[in-house]
Every structure is written in C-alpha cells, then in structure tokens.
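Each chain gets a letter, A, B and C, in the order it is written, and its residues are counted from 1.
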Amino acid sequence: MSAAVKWFWFASPQTFFPLAGTIARACWIGAALLAVAGLTVGFFVAPTDAQQGEAYRIIFIHVPAAWMSMFLYVVMAFWAAIGLAFNTRLSSMMASAVAPTGALFTFIALWTGALWGRPTWGAYWVWDARLTSELILLFLYLGFMALQAAIDDPRRADRAGAVLAIVGVVNVPVIYYSVKWWNTLHQGASVSLTRAPSMASTMLTGMLLMALAFWLYSIAASLARVRCIIRERE
Amino acid sequence: MIAAARAIVRRDLLLALRRPGDVGTALLFFVIVASLFPLGIGAEPNLLRAVAPGVIWVAALLSSMLSLSRLFAADHADGTLEQMLLGAAPLGVVVAAKVLAHWLISGLPLVAIAPLIALQYDLPASLYGTLAVSLLLGTPVLSLIGAIGAALTLGLRGGGVLLALLVLPLYVPVLIMGAGGVDMAAAGLSPQGQLQLLAALLVVAAAFAPWAIAAALRISTE
Amino acid sequence: MLEASNLDCLRGGRTLFRGLSFSLQGGELLRIAGANGSGKTSLLKILCGLLTPDAGEVRWQGAPIRQLREDYSRHLVYLGHAPAVKDDLTAAENLTVACTLAGRKASPQDAQTALERYGLPADAVAVRRLSQGQRRRAALARLLLSADAPLWLLDEPFAALDAAAARFTEELIASHVAQGGAAIYTTHQDANIGAAVLRVVELG
C-alpha cells in the first residue's frame, strides 16, 4: 500500500516540480561528461577506417541519435498511454515534453546521415531504408506536436495526442519493414548507409558513450520542459 | 446493432446521391492529379509506364484523403454526431458503418476509374487486375486510418492540412505495398506477397481502427 | 432513477458550477434555469454522458453512466440545441434514421403520423426548405415516437416555436411525466408545464 501511495505522490505535478529540477541538473552534468568522453573516443581514439577514412566518424553522432529518436518515440507513446489510461496529468505532460527532444534527435540523425552520405556515396540523400524510415518518424513526431499545438483545451490535446502516439507506435514497425522491403525492390543492396565499418571495440564504446550522453541529455531536456509545462498549466 | 449500421450506411449513401457534386469533385481530383504528372515529368512512354503504379496510387491516396475531413465535420455541425454518440449501438459499430459508407462513396469509384488512368499511362492491360485488387484492398485501409485522423482533428482550425500531416506517414505502408505489388507484376514476378500483406493490413485495420476512431471522437466532442 | 453527485464543470478556464448534486425520480420534472453561459447546456450534456464532468459522477439506477455507456443511452432521448436533422433528407427520413439509431422501431407510417401531429406538411420536401420553427418541430416529433424512453433531456425545446407548437410540446412533456417518465429541460423562457412536480436547479 505504501509503495502505491509513494508512486502516486510523485504523480502530482506540484510535488514532481522540485524533484524534476534536481534530476535534470544531475543529468545535464552527466550528459556533458559522457559527451566529452564519447566524442574523445570517437574523434581521437578510434582508429581511422580503411574504406571510409575520417568521414565515417560522424556515425558516433548519427547512430546514437537514431537510436534515441526511436527510443524516445516509444517513451513518448508509453507516457501518453499511461496518461490516457489512468487520467494522470503528469504522464501526459511528460509525453508532450519528450516529443520535441525526440524530433530533434531524428533531425540530427537525418542531417548527420546526409553528411555521411556525401563523402561516402557522393550524394546527400540516397533514399536509404533507414534514413527514409527516420524521415517518416520525423513526420510522426511533427504530427504529434502539430496536433497538440492546434488544440486549445489541454485535456483534449493530451488525450488526442495519446491516441495519435499509440496509433503511431503500433505503425512504426509496419512502416519500418515496408520501407525496408521497398528499398530492396528499387535499389538493390549497392547503396546502404547501414553497412557501417565493422566494429572495432573502441568504436562500439564510443557509440555507447554517446548514446548514454544523449539519453541523459534527453532526460534533462524533457524534465526541464515538463517544468515549463507544469508552470504554464497550474 | 446491424439495423443501426445499415441505417447509417443507407443514410450516407442517400446524402451522397443527393449531393453528387461532392463525390464528383473528389473523382475529378484523382484524374487531374494523375494527369499532372506527365506534364511535369515528360511524356516519354517508358518512363510513364514505369511510374504509372506509383502515380495512380499517390493520386488515389490524395483523393481519398481529401474527402476525409468531411467525414465527421458535417454531422458534427448539425448535431447528428451527438445522436450517434448517444445511440443504442456501440460507437465502434456506428463508426465502422460511417467509414464503410465513406469508402463506398470515395474509395470504390477510384477502383473503377483507375483503368482509365492506366490507359493514359499505357500500362499493360495484364496489370489492370493486379492494380484493381491492390486498390480494392488498399483504399478501405486508407479510409480506416484516415478516419482516425479525421476524428482527432474534428473542429480544429487548419483542419485539412493538419489531417494530411497526421495521416500521410501512416499511409506509407499501404502505398508501398499497393504500388509495389503492381511493380512486381510489371517485372514479371508474383504480386502475391504484397497483396497478402495488404489483405492483412485490411483485416487488422478493420478490427482495430473503429475503436481508435470511437475513442478519438469521444475525445474530440467532449 | 437519475442521480447526480458533486458535479464540477470547468469550461474555458471558468468554473461553471461546483459540487452540484440532485436526484430525479420517475414522475418528476426538472428545469435547469440560468442566464446565458451559466452552464445549462454543459450540465445537460454531462447528464447524458456526452461530456465528462471535472469531478463527481452521474448514476442511473445506481450504476455510473460512464460504465453503462449504451445501456444508459438506450433509456434516454436527448434533443440538443441544434435540431440534429440532415438538410438533404426529408423530415420523415430524418425521423426514421434517428429512431433506428436510438434502437427504436419506427415505420415510415409512424414517422408520418408523428410529423402530422406536429403540424408538418406531409409532402416529402428536404429539410433545408423548412423554416426554423418547422425544423425544430421535425426534431421534436421524435418525442412522439419515444414513449418508452424513461428519461427525456431537452435543451431549449421551446426555442423558435410558435405558441401552438410550444403548448403542444408542453402537454407532451407533461403527459410523459404523468405516466411515470422523467424529463429535464433547460429554458430561459417561462414555460408552464402542467401540474407535474417541478424542481428547479438554478445555475450561475
């Protein structure tokens, strides 16, 4: 019983407000430290790739950003679903807070993908399966944000966004596999940005460090945003 | 329950019959969009034959989406939507009936007109069958998914464009499977895989979308 | 029969009412009074289940209406502000569809009779050609076919009606209540509905 009470204690936006601030501060610092570590590994420690030269180093940002973009969509849908099911305001606020960060990482993944593509394959955009899926994911994020922005009543905005996010999260695997199939039909395997250089363990370490850095950044940014939303609404 | 569903389908069909202009406009849009592409990309026969399935599918998709914003808006404006929400039949059933009527009015005619467009693009007649089946399976899915968007954006400013933004990413799998199936047939391969996937999408959408649409309607009318 | 407990309603940032409670039994008539914008329509919608109150609940024969869904709406007739008729259909077509949706059998004969009793022309003309008052009457004709619905919820039923039609409607509501049904209506006109037990909820 006391565990349940504790859980719902923090579900109140008022009590969560100061806690969010504390956690966010810790995460900003953690994110900065991990980012420095990750970038050092990525740009200085990891060896030069035999095929792609120095340009490949951008995957240390591209891949973790892509991971985050997909992970955050699921997180957003999760919080939105909780908010819809249990009618808790804070859960819906968290979903709305996560969305812009998710969209940001999708955007970063797309740009870094393009920057990687140019020196490697000669074109900025090659309709690679993964990048195309990322593009559609960006549209899903923007759609969620646009829908919430268009609705004045906060409760309707939360609940409508939740339905959209749930429908979206169910569709993401379908979209991913259909785009993958489409890519093989029309392009063949010749052009693929997913064929990353075979992983030296330092490369993997670098990417994991960056992924963790991005994750902590996401937590910090979302919590900061949720504090703004709380202040706005209460 | 069946009586209510039948009454709604009948009612919507009757309304469409009395206002044929609305239906005609959407079909005309389909034809116009499909006619724009050759003007834009040149009329080289091989090129047109290659892009035909994709163009027809995109035009069908856009045309179907155009009529979606009207799906619930008219009923919402004159108060009949409230009566549906208070009906004796579960809202999911009522909503499914509305989507069925929408498809009969805006989706099925596209299947009938598609061969004409295919003729414009000199698509080999052997592919007409696959094209028709892909549209027959795909357009109901477009109606079902689109209705979720229509319900969510009910009464919002920026309605039509916002609806497009929400719904077009979700349309991508249907587009890929539909046009892709015809492309496979054009390449001499069997389109069975794609058509079966479309059928699966239809079954899943028919089973789950009505409840999502009902939930969205309740949210939008509160 | 119907019980409202502790209803709160906030719309557009304003608190329309707080902690509203009342109950309604068969044979009772409830009038919701108040100035424009005081929340009469919102209260009526909460009572039908179209709107969720910000606090409190509505119960029908002991069970919360949120859980009952169709099992509750089957027992009521709600006529809102808008006449809820399709412009392109005739009054009779509208009536039959409305009754079928509500789960009541209504043959075209019954629809015609009901419309005639309300003084509407028998010819099949699209509703868009009718006047405001005639549209209202076409919508109200549904009450004649809803004798078995115990609860009537009417939002401004007398709006746009002439004296004769208004009197007819008053008698209709009075006899429904006399036969054991319950009715809730909003109006800011002074309506005189027979000898029924009249309770008034004043908002604002």
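The working rule: a residue touches a chain if its C-beta (ideal position, glycine included) is under 8 Å from a C-beta of that chain, and two chains touch if they have at least 3 such contacts.
Keep in mind the model is a prediction, meaning the values are calculated, not measured.
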Per-chain Cα centroid nearest the overall protein Cα centroid belongs to chain B
From chain A, which chain is the farthest off, judged by mean CA positions?
C
Between chain B and chain C, what is the separation of their C-alpha centroids in Å?
36
Quick one: chain A and chain B, Cα centre-to-centre, how many Å?
31
Can you check how far apart chain A and chain C are, centre to centre, with Cα atoms defining each centre and the answer in Å?
50
Which parts of chain B, given as residue numbers and ranges, touch two or more other chains?
222
List, in ascending order, every residue of chain A touching at least 2 other chains.
none
For the chain C and chain B complex, residues of the former touching the latter:
48-52, 69-70, 73-74, 76, 78, 80-89, 93, 96-98, 100-103, 126
For the complex, give me every residue of chain A touching chain B.
136, 139-140, 142-143, 146-147, 150-151, 155-156, 159-160, 163-164, 166-168, 171, 174-175, 178-179, 181-182, 185
For chain B, which residues count as touching chain A in their complex?
145, 148, 152-153, 156-158, 162, 165-166, 168-170, 172-173, 176-177, 180, 183-184, 197, 201, 212, 215-216, 219-220, 222
Touching chain C in the complex: which residues of chain B?
3-4, 7-8, 11, 14-15, 18-19, 77-80, 82-90, 94, 221-222
